[in-house]
């Protein structure tokens, strides 16, 4: 930082010399040093997560996604509570009513309140999505972590298995499993995760392989740090970014799969409702003009998928250290 | 290269075997399966089944017999449609499904690449914004909802396109669009990000330094490299289109394999479910294999790597 | 006096980023004469690569101000279409990393030939002849076989030879080489530098060599420009820069590299780091690291002093009044 004791002589912008001799004589004295002068000004250093959060915050689209998701989750929790009607009670005099003051989202063909059903459906759909993603994460991180960390023969065998499982057509297998196990909430989650963890395992393994060879991990190893501690201290924080991004893809994909399976009649069974099942019911209703019976579940499926997708994109940009400036 | 193909081929065979085996044993576990004793079909059908699947023999023999049948492309007979073999259904339904699927794949690939490239070239411009909005919507709206909206607007309200059955090219428009939107969106996004990355590569700067025209740089140097990741995605996308066609065929009442498959699930016609699963899985796995080989041909570096893993 | 072929006048290049504008090049002046090798030397981040890329307008930054005069054209403002005729034919460029500068999915032959057909009316087979000739010139054995191969089938040194061949196909009058040897092994470095000398002798091309390695400079440069914080702080011929350096930064650089001609002299690193170019200092940018800094250095950027008609330096020590100033000796 410059010494500002002679303010009258500060050469601000526009004050440039036309020849050396123009410089005032009294400035020709040795420069007084003020301690750490030679050290360059360093911009404040932020941790990886602070930095990522700052970048995410600037991404309007991703923040929209995040806010929409929070609202959807809050509505899934409190929607059925603030609703005026029950989600399962069938009022035969109130069938196929359009949205109104009493029925905010209208009623379905059995006279059930669409508002209450939509948020019950949200609970189920979001539950399926989050559960499937977390179970995938759990199995995938363990499997991929071990495979990548152990390396060598273990990795070779474990990855051969993954490679073969990865070749299995995902939805076909899920359909087959559901035909065998019978439809239902737990079987859907089970079927989705039996085949779904493979992708996560591959990603985690790739990350671990890459990071394992970084100098800082090698350094910990040479100091004799225990394996579990290396995994906890070094590998996990560094793979977190990729894992979070993968999660934002798995959750909507599970929600979509559930909707798709409901459409095939293999999804959640009545009296429970999921968005997929409601949309399936609404498909026939739309042709008779009861648009709200399709609109609300379809809209919220799409909105959820949208929110997860833009949030995932934003997270990917925010967590990618390559883009760090 | 040969070693690489061979390794992929072995993996493909193992996967196929795994699917066939899984299907067989899962079907044995299924409640109400004809493999169990509680059958509710007619006597003549039962007798046929007994003989065809050797149901009176031990399970190991049944399995070997089943494997042998599959090898001879014999997928058995339908329970709910007496006299119809799975092969009959396949030969009737698959060509239609294949046509629809290929059309959708073609539309998705071409329009996805165009959108992605345009978006990348006009990065952060208005075209980029529009293309990515289309892509995000394409990914967010499930295909059965897209299909219903298309029918409602373009077939019912505006009566521009006919629906139901698979007769004229006009009949193909809506189901193709409904089926292609999702994959198109995925391709567009991937092409865009891949293209953006390629455009920052040093060899693009080299090409510029040679004085090549922007068009030549994009077509010859950028596009080819940018599309490599898209090729790897083709296998997965085919799978997506195939499963997507189940619902699309159902909604548009197209007499394809997907429709038979959905019907067979609803009526728990186990042999059709089994046969179709095995057939479709085989089809997809062969597709994945071909895509892998194509990738090896397109990327000269693969030959040296030999992809240990 | 030798004819001037390229002249850079008061070049300013900036990069707009999220954090503000980086003023990477802040008023660079130099000339390039026919048949000579001019080395631009400096630490990483001093703006030497940006300067070299700006000559052909390949930089991603914005040329804010200044002129680049070549053959009566100002390359800084020439329409893109006209500029493309010059890129690769009159002026060509070699980049730092030969591993990434060649397109991995296209054969070497195709990459060589496309440059020729772009700028001449030669047929493909004629262009192939030229390509073979060039590969031979840069010392690649078996050129006709090699033409069909892909970049990954070559070593780093071989790839750099191919890059050089590629830059020579249209007989350019100016060759810009941006750190052409940095990514290579030391033994390969020497071979590549020999190759530059040989090419210059055979074709008479003028070379701008960007490097941070004074060893490289000592081998091939006729004249040397020293860059610091986006400015050329000293320029002169090789003898002058190596034996009569005027700028404290140049002296610092020379003290920090091992030399065979001076025995047993300790290597002294320059303390500190270059200034942040988001907000460059208004005075001399080297002031903070300079052991002969004066108050005036903090307030005004020194104007260029001419030691003679080719040796120039930007430093307040050239002022008569500086001679009387006593500096604390380093302890």
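For the reader, a short list of remarks on this structure follows.
All chains are identified by letter, namely A, B and C, in their written order; residue positions are counted from 1 within each chain.
Assume contacts are C-beta pairs under 8 Å (C-beta built on N, C-alpha and C of every residue); 3 or more make two chains touch, one makes a residue touch a chain.
Source: prediction; values computed, not measured.
No other pair of chains shares as many C-beta contacts as A-B. Among the chains in view, A has its Cα centre nearest the centre of the complete protein Cα set. A centroid comparison over C-alpha atoms places B as the chain most distant from chain C. Distance between chain B and chain C, defined via averaged C-alpha coordinates, is recorded as 53 Å. We define each chain's centre as the mean of its Cα atoms; on that basis chain A and chain C are separated by 46 Å. One simple way to say how far apart two chains are is to compare their mean CA positions; for chain A and chain B this gives 26 Å.
Multi-chain contact residues, meaning those touching two or more other chains, do not occur anywhere in chain A.
For chain B in complex with chain A, the touching residues are 11-12, 14-15, 18-19, 22-23, 26-27, 29-31, 136-137, 139-142, 144-145, 148, 152, 156, 239, 242-243, 246-247, 251, 262, 265-266, 268, 270, 273, 277, 280-281, 284-285, 288, 309. Note for the complex: chain B touches chain C at residues 201-203, 205-213, 216, 220-221, 224-225, 228, 298-301, 304.
For chain A in complex with chain C, the touching residues are 2-3, 9-13, 16-21, 23-31, 37-41, 43, 325.
Those residues of chain C that touch chain B in the shared complex are 56, 58, 84-89, 92-93, 95, 97, 100-106, 114-115, 118-119, 150, 152-153, 163, 166-167.
Those residues of chain A that touch chain B in the shared complex are 156, 159-160, 163-164, 167-173, 175-177, 179-180, 182, 256, 259-260, 263-266, 279-280, 283, 286-287, 294, 298, 301-303, 305-306, 309-310.
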